[in-house]
Structure formats: structure tokens, C-alpha cells
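Letters are used for the chains, namely A, B, C and D, taken in the order the chains are written, and counting of residues starts over at 1 for each.
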Amino acid sequence: MTQSPILVVTTGGTIDKQYFDALSEYQIAESIIQELLRTARVTHPFRVLELMRKDSLELDDGDRALIAATIAHAPETRVVVTHGTDTMTDTAQALAGLEGKTVVLCGALAPARFAESDAAFNLGMAFACCQAAPEGVWITMNGTVFDGLQVRKDRAAGKFVPR
Amino acid sequence: MTQSPILVVTTGGTIDKQYFDALSEYQIAESIIQELLRTARVTHPFRVLELMRKDSLELDDGDRALIAATIAHAPETRVVVTHGTDTMTDTAQALAGLEGKTVVLCGALAPARFAESDAAFNLGMAFACCQAAPEGVWITMNGTVFDGLQVRKDRAAGKFVPR
Amino acid sequence: MTQSPILVVTTGGTIDKQYFDALSEYQIAESIIQELLRTARVTHPFRVLELMRKDSLELDDGDRALIAATIAHAPETRVVVTHGTDTMTDTAQALAGLEGKTVVLCGALAPARFAESDAAFNLGMAFACCQAAPEGVWITMNGTVFDGLQVRKDRAAGKFVPR
Amino acid sequence: MTQSPILVVTTGGTIDKQYFDALSEYQIAESIIQELLRTARVTHPFRVLELMRKDSLELDDGDRALIAATIAHAPETRVVVTHGTDTMTDTAQALAGLEGKTVVLCGALAPARFAESDAAFNLGMAFACCQAAPEGVWITMNGTVFDGLQVRKDRAAGKFVPR
């Protein structure tokens, strides 16, 4: 296993949703990823890049091209992408074929700021997967390491399933 | 990546420490692992086996032999072992050479019942690692997937480092 | 101080907001008040009555009349009302003059399901206030026991202030 | 109700217990009270005085005399004392008769750093009680405002009950 540095690209999604009382609504806020990694006492070298703050339903082809280009040009070969769950598999498709990169997408079904969230577990999965898995695109949700091109979200059931 | 079932063997350690007011002290309690997996919305097939409830400083060779035998005879090939951190690497040595098994040890530096614990992240890492890594013994702590035979705990610094 | 039973009337508001992934939005869910009281290890006699699940901006005069009638006809003389913060002071006005009742309104600026919420603290204040304060209407928010008729919410600042 | 400033005296106890991995044990740490008040979004004027860090079983008459003198000489008339639960009622006796002071003792049966703790609720009760109750000594635990001289801890049951 490598100790090579990990790049964490944040794009928004439920995992980063905060509640704004003055608006009586939730919005994607400053990423909580740094705090999750601090709580997890991560000493592995990493770099967090807050690329965008969007609901994944708002992401378009241009956004996906930007994510791909960012990863392609980064020095790190191990990459975690935090992402909204609704179009996570679309982004996985857009990231296929990045040579020399192990890319893992993850997100959360409940905001990380909730007391009961899947965020820390999923992020932990992604950290391990990008170190242990071969080159390619992976998704770590619901306790499974999915091939990023062979998975879909079952929105009604609120979980990811093999395709 | 496989969707084959995961065996989770709990042995005690800080991760499962609860506070008992009537005793004014902490003791290892009923394992919280099931609850962590529920919070993480894990739908991947798994089985939890509460094998012992010990501080890892109390584990002896007989305990380690029991853990090894339990894994060797289990039908699952993907195994997570939750364990106290102080002698985690000793147990890793004892589990080396189990044929056909990917075994991942993890624990926590702060009890899982704390609001700020590394437990969920570490357990997520172990879940991903036992699916993505080849046969062998691994340790997932501090954000790194360590070769279980090439790592030690730096007790003063409160972290695992390569050996 | 009395040990007489406390009636807790829940009406909705931010305190009970849950996140629904399938809708990508937050809605008021089954009240979390019972769970907050269990976590607080409350052994004082109480009864929870889930009267409505509304954002306080949606409450109308009919709703307020119902809350008042419910309290007036309840056997308990000590009453806690959980409520959205935006129109909490309007409801306080509507509850003025209930003879023989100590009524305390509280809510939260962040949902109780968040790891960092003011919910438990505010509910604790309300529990103590309804036991210690004389007949009348009180609001317990931001660490202060306010006279319910002499307070307003400063929405921009996100806090309650004397009027 | 007054908006006069509140003095919070911390003396240690379970509420402030932290886990120290390097020692494999829990000890009373830097007080978490400031953080609880920040999370509760308290804007009421207050001052925190960390007087000692002791298990309440270790407190002696000299400690209790110091607590009493500190409160007697403080400019604030509204006082909250955080305290271990085992001898909380002994300290209440020692604080009886402080003229012009409303003193409220509280603590927690589970450390405030736990995800599921009664700490925030109990501290909220104390904040409200010291504003709403008349001069005297009170204890806010288990959802009840107790007369500080008419209560005992039932250690086996893990709760406070009237005496």
C-alpha cells in the first residue's frame, strides 16, 4: 500500500449541507471535510480542494469537465471526490479513463453536521479505497466498494445498488 | 470488487468503551459496532460476532489463537476485526498467513460513543479495505491503509506510523 | 419547587426538522422531543403531545387558538411548548392570560438532529423554567428566560432580544 | 426575570471527563462548559470560572469552603456550579445561607463529550433556574428542579430523588 498523498476534491452535495435559520432553509456551506478528517485523526498526507458547492442535480457537463481536468492535472494519483448522491454515477462516467489515477467518489445521505450521518464512514471508505484499489473510478456508499461504472442510485430506497 | 459478505469480529478496546456512572469509570460495553453500521446505512451483507470484550493490553496468546481460529473457520473471506490499539500490531502478526482471507484490523483512539471519535471513519476504512485489498493482514488507522506487518503504534504521539 | 407533571406540546419548527434525501429537502418530522428527554435521563413525570408539525411561519390564528385550548383544558399546570422561532412571540401573545398555568415556549436555531444544536439546552431551560417561574408565559432562548410578552426575535442576528 | 450576568463555577466531575488514549483512562480535562454555551448560542452575559478539576468524591471541606467564598465574593447574584454528582448534595449543604444569591448545582451522568449526554440539558436547566428561582440553593438533574437541601442521589438507580 502506498503512503502517497491524497487529493480530496469537494463539489458540494448533501454531505456539506448546513441549516441557515435566517433563510429557514438548508444550503451547501463551507465544506466540513477538513473537520471530518481532523476528528478522524488523519495523519496521512492529504490536500483538500473546494472546487464547487453545488447540489449534484445542478451539475452540468462543464462542471464535470472541470472536475476531470482538475484531477488529470493534479500531482496526486489517489483522489477522493465528495459529491451529491443524485448524479454521482454520471460524474463517475465522466471521470472514467483518467490514466494513472485511482478516483473514489463518495457523499452522504444525511448531512455530515447531523449527529447520525453516514458521512464519516463513507469518507473513511473512500480514503481506504483510493489507497487499496487499482486505477479506475470507484464509488463507496452503503458499505460497498462499487465499480463506478456498474452502480446506480435507487432514489426511492435511498441507497446505491449494483447495475 | 466483490459483494461477498463481511465478517466483523469485535474484541473490545477503546472503540467500545462506555461510561458507567455508578462505578465512576469506563468499561468496555456491549459493542457499538452494529449501531455504527446502521448509522452508516450499510446495506452490504455483513455479520457481527462479539468474540470478546477486552482491553488490548489484556489479550494473551490464547485470545489471539481464538481470533485466528474464528476467522480461519468462518465462511467469509473478507474480515474486519475491531480491536484495542495498544496491541493491535501483535494481533496482526498472529493473523498473518491465513490463506484466502483479507483481514483488516481497526479500532479508535476515542470511544465511538464520543461526539468526536475516529471510530466511524476507521470502521469505514476497514470495510472498504477488506473489499479492495488483496489477501493478507491490514490495519486502517489515522487515514492510512497499513500493511499489518509493517506498522507500529507511537503511543506518545497517539498515532500509527510505518515501521 | 413542585414535582407536578409537565405537559410538552410540540408544534413543529426547526427543532424537529429532519433531512429527506429522496426529496433533497428538509421537512418537519416525527418529533425528536421524546428522544431528547430520554438522552437527558429525565425521570420527572411528563407527557408529550404532538399537536402539529408546522413551520412557525405557517401557523395561523386557528392553530394558536388550538394550542391555547389544549393547554387550558390539560390537567397539567406546568407546560412546555416547542415551536418554530419566527413567530414564537406571536404565539406567546396568544397564550397570555391562561389562568393557573406556567407556559414556557422554546425552539431551536439549529435542528435537534444536528450534532451542534441548541435544542437540548433550550429544552432543559424550558423544563426548569416551567417549574421555577410563576404563572405566565415565558420564552427560553439564547440562555435567557424572557418574559414572553417582552421579547422579539432579531432575525438577521439570529437571536432573541428584549423588547 | 432578570438579565443580570451569570457566574458559572466549574469544579470538575463526570461532565468534564475526557478520554486519554495514552493513559487508557478517563480524566477530568479542560472544562467543556464554554463549548456547551457556544453550541447553545447563549447571548446572555456570563463568566466561566474554572475553580478546580476534581471528581466529587475527592472534594473536601476546604474545597467546599473555597467554592462558597468564591460565590460570596463574586459580583454576580446568579450562579451555576458544575459539579460531580456523587457529593453534589454535600456541596449544596455547604452553600446554604449565602445571602442574596441564587445558586444552582448541576452535573452529568454521562460526560458532555459523549454524543448521548445529559450535560447540555442539565446546564440549560441550571441557566434557567438561576434566573427564575428565588434566592437559595437548587439542583437541576433528571429533569427536576430540586430544593438543594431536600434531594439525594440514588447511586444504584443513577438518578436524583427527593429526600
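Heads up, the rule we're going with is that contacts are C-beta pairs under 8 Å (C-beta built on N, C-alpha and C of every residue); 3 or more make two chains touch, one makes a residue touch a chain.
All values derive from a computational prediction rather than experimental measurement.
Engineer: Taking each chain's centre as its mean C-alpha position, how far apart are chain C and chain D in Å?
Structural biologist: Whole-Å distance between the two chain centres: 24.
Engineer: Roughly how far is chain A from chain D, centre to centre by C-alpha average, rounded to an integer in Å?
Structural biologist: Roughly 43 Å, centre to centre.
Engineer: With chain centres defined as C-alpha means, what is the inter-centre distance between chain B and chain D in Å?
Structural biologist: Roughly 38 Å, centre to centre.
Engineer: Please output the residue numbers of chain C that touch at least 2 other chains, ranges allowed.
Structural biologist: In chain C, 109, 115-116, 158 touch at least two other chains.
Engineer: Which of line, ring, star, complete and other names the graph you get from chains that touch?
Structural biologist: ring
Engineer: Let me make sure I understand the interfaces: which chain pairs count as touching?
Structural biologist: A-B, A-C, B-D, C-D
Engineer: So in the complex, the part of chain C that touches chain D is made up of which residues?
Structural biologist: Chain C reaches chain D through residues 1, 3, 6, 36-37, 39-44, 46, 109, 115-118, 120-129, 131-133, 138, 140, 142-147, 158-159, 161-162.
Engineer: State the interface residues of chain D toward chain B in the complex, per the touch definition above.
Structural biologist: 14, 17, 19, 21-22, 24-26, 55, 57, 85-86, 109-111, 113-116, 155-156, 158
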